[in-house]
Amino acid sequence: MTQTDQSRGAALRVLELDGIVKTFPGVKALDGVNLSLRAGEVTALVGENGAGKSTIVKILTGIYQPDGGEILLDGASIRFPDADAAARAGVTAIHQETVLFEELTVAENIFIGHAPRGRFGMIDWAAMRKRATEILRSIGAEIDAEVKLADLGIASRHLVAIARALSVDARVVIMDEPTAALSHKEIEELFALVDMLKSQGKAILFISHKFDEIFRLADRYTVFRDGQFVGEGKIGDVTHDDLVKMMVGRAVDQVFPKRSPVIGAPVLTVAGYSHPTEFEDINFTLRSGEILGFYGLVGAGRSEFMQSLIGITKPSKGVVRIDDRVRVIRSPAAAIDEGIVYVPEDRGKQGAITQLPIFQNVTLPSLGKTSRHGFTRMAEEFALARTYCERLDLRAASLDTTVGSLSGGNQQKVVIAKWLATQPRVIILDEPTKGIDIGSKAAVHDFMAELAGAGLAVIMVSSEIPEILGMSDRVIVMREGRIVAELEGDEMSPEVLVRHAAGIEEQLEAAQ
Amino acid sequence: MTLRTIPREVILGLVIIALCGVIAARFPNFVRPSNLLSVATDTAPLIMLALGQFAVIVTRCIDLSVAANLALTGMICALLNVAMPGFPMGLMLPLALVVGAGLGAINGVLVWKVGIPPIVVTLGTMTVFRGIIFLLSGGSWVNAHEMSASFTQFPRIPVLGIELLAWIAVIAVLGVYLLVTRTALGRAFYAVGGNPHAAVYTGIDVGRTQFLAFVLSGALAGMTGYLWVARYAVAYVEIANGFELDVVAACVIGGVAIAGGAGSVGGVVLGALFLGVIKNALPVVNISPFWQLAISGTAIIIAVALNARSNRPKGRIILKKAEHSHEPV
Amino acid sequence: MTEPRRAPRTIPDRLTSPLRRNLLGWESLLLIVGIAIFILNAFASPYFLSAWSLSDATFNFTEKAMIAFAMALLIVAGEIDLSVASIIALASTAMGAAATAGAGTPVLVLIGLGTGLLCGAFNGTLVTRLGLPSIVVTIGTMSLFRGISYIVLGDGAYRGYPTSFQWFGQGYVFWVISFEFVLFAVLAVIFGLLLHKTNFGRAVYAVGNNPTAALFSGIRVARVKMTLFLLTGLMSGVAAICLTARLGSTRPSIALGMELEVVTMVVLGGVSILGGAGSIPGVVIAAFVLGLVTFGLGLLNVPGIVMSIFTGALLIGVIALPRLIAKWRR
Amino acid sequence: KEMRIALVVKALGIGFFEAANKGAEEAAKDLGDVKIIYTGPTDTTAEGQIEVLNSLIAQKVDAIAVTANDTDALVPTLKKAMQRGITVISWDSGVAPAGREMQLNPSSTELIGKMLIKMAADNMPDGGDVAVLSASSTATNQNNWIAAMKSDMGNYPDINLVTTVYGDDLADKSYREAKGLIEKYPNLKAIIAPTSVGIVAAAKAVTDAGKIGEINVTGLGLPSEMAAYVENGASKSFAIWNPIDLGYAATEIAYNLAKGTAKAEPGAKIPMGRLGEVTLDENTEGAMADPFVYDKSNIEQFKDIF
């Protein structure tokens, strides 16, 4: 690098972190890390689950206070005592967890904390609605600003979170896994947005586990590993494999496990399953040893349908056969008894009990196995939990730490471990690798393959095409609560999947 | 329209009207305008306390000390009146407001700065406040003849034919309405209660917001304390004992979510009026006094159950045809 | 597969032993407070350290504590029952009516327990079937249950309890050890085991911390809650038997206001009012602490209302202290 | 050694009992070697009184003079007290005979009942409706007086008792009940409230409703609390015995029984210091004195005393 290059770089650096340290009870989340963000550039922050990425985001937005080190804004040292201070300094973020208010309207969710004021300092609702609608339109989201957030789906909520981040006039925009809950179309719109922000000279920090996104968007990269700074540089100077190596400390092959499926007898047959508002006329058969992929855009109703299979919602019509016998499943407990388990998508709400320790989470659905006469047996619980957690390469200080203190990806592993421990016959995994790092993803995939090999029937709901194609023996595509295609073998290609999921195929058929 | 799509305020309003109708069938005098007005006036203290409680519950807290705060502030006003009969009445109400707010602030600080759960804090201060009344008054009553006439007459001063007490309640309702719908603080109440975690991310100081809700609740309780003591012309340790549960019940009947984040001023006022009608009607209608407790308990349960039915979470609407017919089955 | 996976790392079971964690826990703090109060009492009043005094003192908390055990489980599961005192009134009234009609002691006991269960079932049904918040439901049933007592009894009273029945409230098992105290101790052990050592107890914690995740994990959440309401009703029935036997009569105002004392006991025992955390040993110690405070102050003839300043301050103080220390350390 | 006599009241903070305490202290001073422990629960519950009694038993006081929240519920505890050698008497609101050595009634129940209806009747020459506002439905003395009053109503054929309501000795509840009475019975001529809390609330309700002169409030009350309403005419007259004397008498009796200078048995005469002596009937009950009527003519004189 030449002298001028360096000084120009320094001038562009809007925000710098120097030697940031952050410890939680028992964990050193950040151990003297550096990070610099430059105007008009996208910096990708990569690292395994628990590397400390989200922690840095929280420090930058004033939610956590660092135990050591310095934050420099335009070269001057600064502190962010709370989220408001960070926003006023021009730092805004889309957090990993959606942090919104169900009972408030979309407009208010976007503007709470900095609502436009009218006379007597009272909130100007009209102005707020108008500006909210403008911002939503600018990111291509067709969401009514006046509806309650509770009435929106996950994807729309995420768009509201993005709109909120844009509602402050920021110089630094942070995005912590913004695409995790978005589908193809919305991701494209987000990318366009990032390009626009870049052209406006904003400094952007982009966090993602998806490498294609990183190579597509980022100008620079920074790598953390286990709370430590590993390296940084221009994205053009590294290859995919280099980056993975820096992140994990070794090479990881992205190839999905090779399987030679032995497909057996039908285990689960669903016929004419319908619900008044959520899905209609679902028919399919699942065989032992098979991995059946469910693809669709986010919001296609896959989760709702899967949840009705385990008795969370009641279908209005249709039957389920298990081993050719009709069964009515009224509750998840009954489903577990039948050998059907569902690994939910929303791990914070449905998957994990974050306040309880890891081992208690893992054994919760299998308490019958680790107890005698209804009395719990600690040693057996630990043994069971350890077996499955270590298989999934969980990173945790001990099995007695609470799940809430784990990183997002590690929480996901606990949730998967918990369901595997029930030793089911049919396992439904809803977005099983959402938000988990590349190494752990491979571990989950391996494990899925192994389960299918051992004769389990697996349903995998995923919105990631490579994962669907790499893992499934057969794919069902859902759209607006209906099955629109069932694909096998050579029919399974990215284009076909997207066309069915987006409804292009249907339009074509209708046109003919 | 189904039961679920009608706003709860309307349902509650209809229930109250129906209730009045039933009472009128047995006792026509009950629905005379003058009597209805007097019922509303009698309910004013409950409305004011419920407004404060509403703010507190919306922020995901609860204030069980309101009745004790009322009693303590009322006793302080009464003792002040006895000691200085010349104390100007124009200042008595603001003074009660400040004293009440101070007591509310004690709750608020314990919740905000020490981080004790609100129900624990207020369960504690509830008994402590009552104890302090005993210490202040030596356990004896302050009676009508010890109070100055202007002290006891204040809440009854008629303005446009309606007692001042009722006007003060109306002002409190409007004030709280503007506060929660049109100010940043009011919206922060909802945000904090709806999702405290997210509130931190949006730069709202959760503890401070809850503190302010407690101060509001305390101020309203204190103000009501003076009005109560003046109206009934007596102050003693046990006044309004157990009233906190009525206040909470009024809020919940009015549709305030006990888990925080949801509720409306209109609902709260109607919830309080519902209880007010029942409490005032029972002694009037020819019902054995021994039935009153069971009846008001049943009424609370039915009101809450009705309310919950109109508020069932709807399933998501994914199917296109379902979206158009828009009639959740 | 081109490269063997990294050998999995071993995760230790736990970093701190359960014993050490308990030593630093809430229960220890409370125990210290309890011992301090005991010593203070012994110094403050010459009458305190006598076997009969201490035995009499236990009556100040045994009945409340029995309910508090069940209430602790209910609160851990994220619900609450404010109608317990009214259940006592109703159960006592039912027993009184039966006694007047000539029922014997065993029948009376069954009626007391049965009424408690019925009331618990009523609360539980409203909460689990209609999905109503328990705090509100039980504010309503609190009036309803006691209201029924008033309807039945009016300004009258039931008196004619058989002499053998009175043993439940006035009997001594051994020297100064009353029946109530023995029952209290036995129930403490049963509830301790139930919450801390059984699958049901684990389900209670799971439900209290995250009912949705618990449901998805195959726990029958509604059934767990229903069981807890039944249990609370049952224990209110047990307390009704003891209290009625101790008083030897029933009026509708029996046990008025006891619900708040029970909740105070549970919360002082370290049960998180928000659900999901708490222990039975904590509640047991809290029962002793509250009993000692009221009895000790009673010996000094401190009026009850002034006592309540102490209990209120104790409640806030004991909970505030560890938090303040943690803050101050940082 | 000084003798410790506990004066246990229904609830602390009620003016009537505070006055009784004054009398007890007066007796203690007269007797010289007596210490009064004035105590009671905060609200009028039997359980609260039992806790208080338990602590008194533990303190080994010499005598307990109690006015009961519940006739029967205190019996087991008081029996225990007597077994441990403590002298137990009840006064004002009595305890069932098994739980005490004697009961001191402020006045005879019949006399009070007669007085209640007479005070109402004296001010309603044309007869009409009257209603009773009582304290809690479990209060023994209230119920007895009302029963006695009802049995004397045959002498007043023009007077019609329409209902009995309960204010639970809570000012606001009593007020609401009184208002309800006024609303419901347009022809109501008098409210009889044999409770010092209820009578004040009723007088206030009548005043507020602008019914002074139409509805007369009478019953049992304290001059200090009622003075304002006698002056404004809401209450023409009311009665009470002197609570100071009552406390004084209870203390004297407890002292004499504990000392052994008298024995509580049917027919016994027990000295009460300056008040002479009380004679016990077959239920070991005795009456202290006749009730005394207060009206415009004498209220000034007493309102600062009790």
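Labels A, B, C and D are assigned to the chains in the order they are written; within every chain, residues are numbered from 1.
In this section, a residue touches a chain if its C-beta (ideal position, glycine included) is under 8 Å from a C-beta of that chain, and two chains touch if they have at least 3 such contacts.
Remember, predicted model here, so these are calculated numbers, not experimental data.
Counting hops only between chains that touch, chain A reaches chain B in a minimum of 1.
We define each chain's centre as the mean of its Cα atoms; on that basis chain A and chain D are separated by 74 Å.
Centroid to centroid, with C-alpha atoms defining each point, chain A and chain C lie 43 Å apart.
For the pair chain B and chain D, the distance between C-alpha centroids works out to 36 Å.
Residue numbers of chain D whose C-beta contacts span two or more other chains: 12-13, 42-43, 137, 166. Along chain C, residues 150, 154-155, 257, 303, 305, 308 each make contact with two or more other chains.
For chain A, residues touching at least two other chains: there are none. Inter-chain contacts, as defined above, occur between A-B, A-C, B-C, B-D, C-D. Residues 27, 29-30, 35, 38, 42, 130, 134, 137, 139-141, 143-145, 156, 228, 232-234, 236-241, 279-280, 282-286, 289-290 of chain B touch chain D in their complex. Note for the complex: chain A touches chain B at residues 61-63, 82-87, 95, 97, 99-104, 108, 112-113, 115, 117, 121-123, 153, 164, 275-280, 299-301, 304, 313, 316, 480-482. Interface residues of chain B facing chain C in the complex, by the touch rule stated above, are 110, 114-117, 119-121, 123-128, 130-132, 134-135, 139, 237, 242, 245, 248-249, 252, 258-259, 288, 290-298, 300-301, 304-305, 308-309, 312. Interface residues of chain D, counted against chain C in their complex, comprise 12-13, 37, 39-43, 45-48, 50-52, 54-55, 57-60, 70-73, 75-76, 136-138, 143, 166.
The residues of chain D lying in touch with chain B in their complex are 11-15, 18, 42-43, 137, 164-166, 170-172, 175-177, 179-181, 183-184, 200-201, 204, 208, 224-225, 227-229, 303.
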